[in-house]
Amino acid sequence: MGIFDVYLLEALINGVLLGGVLALLSLGLNLVFGVIDVVWICYAELIMLGMYGMYFLYTVRHVPILVAALLCIVAIGVLGVVLHVLVIAPLLSAAPINQLLATGGVLFFLQSAATVLFGIEFRNLGLRLPVLKVAGMFLSYSRLLAFGTALVGMAAVYLFLSKTYTGTAIRAIAQDRQIMPLMGVDSRRVYVITSAVGGALAGLAATLLVLQYDVHPFVGLSFGPIIFLICVLGGLGNFVGGFVAAFVFAELISVGGLYLDLEWGYVFAFAFFIVMMFVRPQGLLARR
Amino acid sequence: MAAGTLELSAVHAGYGSFQALFDVSLEVRRAEAVGVIGPNGAGKTTLLRAISGLIRPTSGSIVMDAVDLVATPAHRIVSLGIAHVPENRRLFPRMTVEDNLRMGGFMPAARPKFAERLAFVHDLFPRLLERRRQLAGTLSGGEQQMCAIARALMSEPQILLLDEPSAGLAPVVVQQLFELLKRIRAGGLTVLIVEQNVQQVLQVVDRAYVLDAGKIRTAGTSAELLESTSVREAYLGV
Amino acid sequence: MRRPLPWIVGAALIALPFVYTAPYPLHILNIILIWSFAYTSWSVMGRFGLVSLGHGGFMGVGAYLTALLWNRGGITPWIGAPLALLAAAALAVLVAYPCFRYRIIGHYFALVTLALSGIVLQVITATRDYTGGSLGYTPARYRGGNSLYALQFTGKTTWYLIALGVWAAGLYVWHRVDRSMLRYALEAISEDEDAAAAAGVHVTREKLKITVLSAVMTALAGALYCQYQMFISPDTVSGISVSLQMVFAVVVGGIYVSLGPTVGAVITILLAETLRISFGTAAVGWDNVVYGILLVVFIIFLPKGILGSLLDLRPSRGPAVLRRPETGTA
């Protein structure tokens, strides 16, 4: 295997690893959209807060990392519920665009609150995880860990949705909202639970991302647009579509970043997205 | 009022500025099968929705066993023993038959009895046992209707509300359906059916009300209505 | 003279800088005028339910291309800006055409445009060798910064008159659209696309028209901003924050009223300035904190904006410039 091939293979594998985390994120967004019919534009900012949480708990307060992770997941889950109750619930019957704008306002708020509270410096978790050398390729342990955890997270959500009554109700509400009371389902409670799960997924993603990336108030801008593109391409509310799209985009970013700066990877992804819209609009005909 | 009686008094209901029901009063006694017949747009669906809480009456009362249904949150009405099979079935299309049935048994009181109720509906509708892993949206019309009724039965209701079960079904299938309904009734279930298919439904119910343009026009036993010339002319085309 | 009020106000506005010459308030006025124009440009399509969260992208294109063509190509902004506008139009078509053609509306459309502005920002950052990246970019000063050829002026008054003119032109365009067939077509489309199509409305084409118009106007705002401030950076002229800022200001001011965006600009800019003056550098970020909270509060309690809600309270007769025309001529 020539050196060229090794780098490419490494990029491909890193793409898969990245795809896992992006898939987790798109799951969260799709879940909330599928159930509540609202897009949390500030989703990436929830992740940003989770990353700060990890930083302050682990790096500043020296809380054991697993405990810190658990606390962050719970905290952002609670934040998801707060977001729903304070901002989304009052707007459930308003025009969809108002719901979008309201979460846009929250985005503003969270970014600037983070700027005011934490400053604009980049913060690093300070955790040095080993790099594995496999067949001439360097794979970072943190990425492997993130990928594995993301898979476990998604499996957990899958089990929740398919095996529990609440999870089944969540799937049902996404398919026919109006008759839920006939089944004895209180839609408002389902929304709250979904918001908690969506938030918890963001918290989980935060614990994984913070292993690899620095946190600063605007870090959400680095992956927010990508998550949106993934969800739109996969079909908003379509879990499988989002899953597949996540890996496709992750490969584009990873391989694109191999040859050019990382930012160009995003441009690639967006260009790909535009091309896909021309070429395969069926991929974008989602249920809603 | 006898136990298990559902009573509507002077109910007015509608959608926003559009009023669909005017001063509707009717009652359904325990173990009865009552029909509400009338043409398209008469307000039959609105009637059932008002009972199950999907919409709220603007005035009037709906009471069962001294419980004011209008004041009860919609998602609690099924726990009072009232199960509504909506118009057009409204199955969850991308969920399996079994998952649809699971949703029917969602309410806490029904969960411990899930296996038992599942066996019950499988016995009534063997086809559903065969197709339990099939996506509900891929079932035939008749099978979907059976699944919808089975889903409602999962909560072990006292009263079953059926909205135009024969809609879109071939006559043979409709016949089978009403046979099944007779079987279900035999277990003591109270049934309220709204239908356009007057001939068929009058053979299943003991008595019926005629609803037209939101008002109850007349009522009587099935035999009386079948004989009445006005009913025959208006709804049976005879 | 029909309805003298607008003319009196107009004359007063023109006369203002000659009467009241303090540079700082004039600067604030200029900023307000330029941003009002940008916000009005957004509302030209936003009012029809075509909510784009990506107009920061067009503004960025307008600003950076004008500056780049001048600095690197020596092309005067008189030509450079139109080229930038063309580029913005092309970008708008590239992104909007597949969206409209394949019925990507509502949430989807908003997210795609949101991603667009994010991508434009990434491109600006990625091409840092040319654009200076997040450090910002400065158009080269020509002949001391006072030149018609280079569209650079040191006098705030000159800029005031230019900005005033462009702002007024923006209002004029808004009103022309309001009175046009395009408006009715777009309102029909926003009500029910299928019905509109069945009635013979060429849905994709009409939506594209208004999108391109809006994008081009926004790009012009970007170019103007660049020439006025003589300094641009990715997050002041492009990106999600700018996009959201636009939407916020219009929502606060009133989306269905021509002066709504202007009212929104006045409020938001004065708010930012007040905070900046009171808190100094500690205010960095506070204005957005307040914006964010206010945006949420406004959406929940005052979805029609301040001006819009006020107008709802008025009896239907009012000054022509404020009243939303109920009947338009074809």
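Per-chain residue numbering starts at 1, and chain names A, B and C are given in the order in which the chains are listed.
The rule is short, and it goes like this: a residue touches a chain if its C-beta (ideal position, glycine included) is under 8 Å from a C-beta of that chain, and two chains touch if they have at least 3 such contacts.
The structure presented is a predicted model; accordingly, all values stated were derived computationally and were not measured.
Please identify the chain lying most centrally, where each chain is represented by the average of its Cα atoms.
Of the chains present, the most centrally placed is A.
Identify the chain pair joined by the greatest number of C-beta pairs in contact.
That would be the chain pair A-C.
Would you mind pulling out the distance in Å between where the CA atoms of subunit A average out and where those of subunit C do?
31
In angstrom, rounded to a whole number, how far apart do the mean CA points of subunit B and subunit C lie?
Computed value for the inter-centroid distance: 56 Å.
Can you compute the centre-to-centre distance for subunit A and subunit B, using the mean CA position of each chain? Integer Å is fine.
43
Listing for subunit A: what residues touch at least two other chains?
Nothing qualifies.
Spell out the part of subunit A that touches subunit C in their complex, as residue ranges.
33, 39, 41, 87, 90-91, 94-98, 100-102, 104-113, 115-116, 217, 221, 224-226, 228-229, 231-232, 236, 260-261, 263-264, 266-267, 270, 273-274, 277-278, 281, 284-286, 288
Can you list the subunit A residues touching subunit B in their complex?
165, 168-169, 171-172, 175-176, 178-187
Please name which positions on subunit C make contact with subunit A in the complex.
Touch residues, subunit C against subunit A: 49, 51, 53, 94-95, 98-99, 101-102, 104, 106-108, 110-112, 114-116, 118-119, 121-123, 125-126, 239-241, 244, 247-248, 251, 284-289, 291-296, 299-300, 303.
So in the complex, which bits of subunit B are touching subunit A?
For subunit B paired with subunit A, touching residues are 52-54, 73-79, 83-84, 86, 90, 92-95, 99, 102-104, 106-107, 110-111, 152, 155.
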